[in-house]
Amino acid sequence: MILFILRGTDTSSLKEKLESSSASFKFLNLYGKQLALAYPDSEVEGIKDDSVELMVKTKKSYVLAGNEWKKDPTLVKVKDVEVGGNKVVVAAGPCAVESEEQTLTVARAVKRAGASLLRGGAYKPRTSPYSFQGLGEEGLKILRRASEETGLPVVSEILDARDRDAFVKFADMIQIGARNSQNFTLLREAGKMGKPVLLKRGLGNTVEELIQSAEYILMEGNGNVVLCERGIRTFEKSTRFTLDLGGMVAGKLMTHLPFCADPSHPAGKRELVHSLALASVAAGADMILIEVHPKPEVALSDSEQQLTPDSFQLLMERIKALASVLGRSA
Amino acid sequence: MILFILRGTDTSSLKEKLESSSASFKFLNLYGKQLALAYPDSEVEGIKDDSVELMVKTKKSYVLAGNEWKKDPTLVKVKDVEVGGNKVVVAAGPCAVESEEQTLTVARAVKRAGASLLRGGAYKPRTSPYSFQGLGEEGLKILRRASEETGLPVVSEILDARDRDAFVKFADMIQIGARNSQNFTLLREAGKMGKPVLLKRGLGNTVEELIQSAEYILMEGNGNVVLCERGIRTFEKSTRFTLDLGGMVAGKLMTHLPFCADPSHPAGKRELVHSLALASVAAGADMILIEVHPKPEVALSDSEQQLTPDSFQLLMERIKALASVLGRSA
Amino acid sequence: MILFILRGTDTSSLKEKLESSSASFKFLNLYGKQLALAYPDSEVEGIKDDSVELMVKTKKSYVLAGNEWKKDPTLVKVKDVEVGGNKVVVAAGPCAVESEEQTLTVARAVKRAGASLLRGGAYKPRTSPYSFQGLGEEGLKILRRASEETGLPVVSEILDARDRDAFVKFADMIQIGARNSQNFTLLREAGKMGKPVLLKRGLGNTVEELIQSAEYILMEGNGNVVLCERGIRTFEKSTRFTLDLGGMVAGKLMTHLPFCADPSHPAGKRELVHSLALASVAAGADMILIEVHPKPEVALSDSEQQLTPDSFQLLMERIKALASVLGRSA
Amino acid sequence: MILFILRGTDTSSLKEKLESSSASFKFLNLYGKQLALAYPDSEVEGIKDDSVELMVKTKKSYVLAGNEWKKDPTLVKVKDVEVGGNKVVVAAGPCAVESEEQTLTVARAVKRAGASLLRGGAYKPRTSPYSFQGLGEEGLKILRRASEETGLPVVSEILDARDRDAFVKFADMIQIGARNSQNFTLLREAGKMGKPVLLKRGLGNTVEELIQSAEYILMEGNGNVVLCERGIRTFEKSTRFTLDLGGMVAGKLMTHLPFCADPSHPAGKRELVHSLALASVAAGADMILIEVHPKPEVALSDSEQQLTPDSFQLLMERIKALASVLGRSA
């Protein structure tokens, strides 16, 4: 149950009533509204208080992330870049930050081609402990410098809540990766960091579970979440993962949060990235995540699927043309 | 091993050599070329004959359907409609033929909106024997009459090789459905019918297996096969099946045959069909299959996912706009 | 709706009533009962007739194969071998019949080790048209001779309804393979052949769909169906398919039909077959299907997963010991 | 590359050589052996040092967890309970610790029935933030008290590395849950805690990835890891997850670590738990995890799948009988 609080009223008597009930509750500000979230519904229905403007019952396993109480699509601001509006936002950059030179080269190239955000991995979650694990905080600093030069806000993945301070200082958008999509500890922390979050879908998670994971972030008062479809595990072997655009389209009917699509990881081969990126935009993605490397063949991770700067520039042109016939920009 | 036969030469000595080897072989005409298909490679390599212009070894589990020996994309002609060329071909019509009136209404509407082919089920494969099983041959005749009035060639699904004659007489393109995608008996029969074939991917089949199924048709000398991605079985529950556009894009690099996408079945809900159809075109589909019903809510099958004629018309407009920025028409 | 007919009464007035309703209906004898199957329920509820002893409404998408109307487990007799009773029935034999000698060698060995049925493929469904397609009718005759010598009834897979006569003549149990699990044409034919049927689950089919496929056979008045779990398609790569024993156990609560498990195909490697066979018995399988070849390494199909006769004999001993602590025999 | 160090030799010169190479390396003690782990192989091959007894190249994406260098199965000791030996170890207890009384009741019951370990969730990872999240540290203390009374060592799941101290103090075996199976931060921490670890397979992870996750723990010098198959995500809907016993059996050939099977979670319904538990033992599981609740119907989590104490006692008897014919005890 979501209780909308009348702006400026005293909630102390409501709080008392909730405390004396057996409901769990939490007061929070979200999207400019003062709310009380109380559950289960059965314990809250009978409560009346002058501070409550409206009580909205929700029928789903998620509440704040659902669109029953909030019909308008949420715009997530990453500095001055708006995700979820008319413009299809393209975030591009290397899979992993390998060096300042590599990162700056890519950052300049993707900026020139028209990208709006710079993505890059500083802490890398790798299936094998013997794979390159990323430059860590040094990688974040390199991204920061690239951001300062190009003006592109930075998206980077956090793996450990204890790296919080470095992310608050150096990143503009916090990415929660597929392998941590149900790491509820990390989700709560991301909610508290006060930065917009890019939340990826887990390899074995349904779209509904992705939205439920977002709920953990929203409950901390952070409504700036972009959901990201990045491919799921299926039996098909010609691609690395199966990009589930149907799930994304269905998901957009379930939530007010914007959706990003990552065509690079499911493709696994750069020959497939353009087609899947265009398909993602046509399906309605609000944001696209593309891996770009100055020399993909020598990349320390995901070398098969990163685009060259030239190929990325061509893709940006195609995305812009496509967006225009869909009534959007890019 | 594919042996290209020198046009007009006598192959009797080659045939003798193959017969005296322990190879299996078959002579066939495909795409205007006279070929001998002989395998395994190891038994054929040593054979030399004046009638053989070129021997092409193939490295894959399929030969004729692969693009190692045939680089140019195959154009499949369904009467005067060409699939695999510049134009994105849209086939539309009811899931099942229910009556002459229903079928004619839809046929006229989709023709008016710009569809190129009329699709409709006369024999319906239903998971439950208690579901509507289709009108059978009467359904094919209704489709024929609708075709005669509108000029749209007819695509319809065959379930039983014994219905061969009715399909040869009334249909223009034979559909092999997902549940028969590895019914090798039916595939061979379809190969012999001399009509273009629309071959759907099985719910649990890889793209490679789809191409191998096509090989059964090509081996009968019928090269007019369109492969169709229609969604696979995965754990995701917000859609009926998972449309695997990544698989389609990867498949296009593996074969010279054109690809169709069916967004209606994986969607399972008509709200999702437009987005998935546009995504399919953006991903490079050569043909799109859309279910349209004059009154979807009373349809005898798939009532949740069929579009109204109005919605289809809007979709056609969007597909045309999209195709134009991709350098294609629709 | 299932209508139980009072034994020996005249059903002509019931038939008239059904004909004048808008219900579909079918009279059939199944498990010694005279039944009328009529649907949809809403059209039948009001019908009353003296010949009707009892009307049973069913709540599922399948009726005859469900256990709402038939609580006792069905015993399927393959000649004198009973599947679904106390004894765990083991069917063993080569993946494909390759020669009389190979088949007889295996048949004698599996008989000696304690198998109850001889399995062997005469018509082989192969993903690639270039793989060995089986000996056809000659293979069936070889199986018949092996059966005559050993006394083991024969199970073999049918691919084409047109081979009906050969199967009626030479086989004792008709197998419908995974790739034809939703080939409704073939299911109906199998129902009409009057022989017990071993129905395999499709690679991409749910257990519920498997039971619905059985319904097609039962509707033809053939109640002797054994369902077979043989592994489904998942993302896991260390086995060929994923043996879904959970699905089998859940399925046993949904139907009165017995269940077979095939550990050979999902294993894909003979090292895994023993463990999966024992697990299948422990999970409650009524029948086990094991591939055995005199020299697996030179087998023309599935060479990786077939057991040697010695390994099979050891497995039989282990199965017998296991069955005994489960209160069964083998 | 694993370098076996000659016991008691000075490794300073080896360390120097590794430092001056471009290899990454780590010295560690594992299973009573002094090792140096150095990679990539190409940078290490040329190194020679008197302290090195043997260099073992490994061909897989995991090294320490693989059985190329360590052929004997690893025995994991949880206090005086040995997992991986002759005895099939049963861990049982409530899904979640709800109260001292509930936990003690279950602990006494499962002890009486013959369980060797007490399992119970104190910190609960829940898909929805509105579900019961567990009693936290208080839950661990309750488990400790139940352990003191019954003598059963305690297994409980950790969600956050910051709860380390409580787990070191109150738990005997640390569980990493399915949702954190690739939370590499948590895996490394678990490696450092010096307690045996029960590592569950992620819903969307392959068996190979599970073993790679174990590698993260072993690299910290903690070799006491039990891998746990608990069901994967597939399209099948009659069970909650698909228990992949084939994956477990294949996994046992890839690693020296013991395997646990959890039949409760994939079953999702208590009617299926017995059959799947028996199947797991027959397939070769070294440990079984069973959820038991005094009154499952009022449980705060997983109420559908927990067994009653009586049902658990019956299961223990069946497991013991089964283990005995497999040459094991339970």
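As written, the chains take the letters A, B, C and D, and residue 1 is the first residue of each chain.
By our rule, a contact is a pair of C-beta atoms (placed from the backbone, for glycine too) under 8 Å apart; a residue touches a chain by one contact, two chains touch by 3 or more.
Chain labels with UniProt names: A, B, C, D = 3-deoxy-7-phosphoheptulonate synthase.
Values in this document were obtained by computation on a predicted structure and should not be read as measured data.
Novice: Look at all chain centres (mean of CA atoms) and spot the one farthest from the centre of subunit A.
Specialist: C
Novice: Weigh B-D against B-C on C-beta contact pairs and write down the one with more.
Specialist: B-C
Novice: Could you put a whole-Å number on the gap between the CA centroids of subunit A and subunit B?
Specialist: 38
Novice: How big is the gap, in whole Å, between where the Cα atoms of subunit B centre and where those of subunit D centre?
Specialist: Once rounded, the distance between the two centres reads 49 Å.
Novice: Can you compute the centre-to-centre distance for subunit B and subunit C, using the mean CA position of each chain? Integer Å is fine.
Specialist: 32
Novice: Counting only residues that touch at least 2 other chains, which ones in subunit A make the list?
Specialist: 204, 232-235
Novice: Once bound in the complex, which stretches of subunit C touch subunit B?
Specialist: That would be residues 24, 39-40, 61-63, 125-130, 159-162, 179-180, 182-186, 202-205, 209, 212-213, 215-216, 219, 232-233 of subunit C.
Novice: Taking the complex as given, what residues does subunit B use to touch subunit D?
Specialist: Of all residues in subunit B, those touching subunit D are 233-235.
Novice: Mind pulling up the subunit B residues that touch subunit A in the complex?
Specialist: 204, 206-208, 231-232, 234-239, 241-247, 249-251, 253-254, 266-267, 269, 271-272, 275-276, 278-284, 321-322, 324-326
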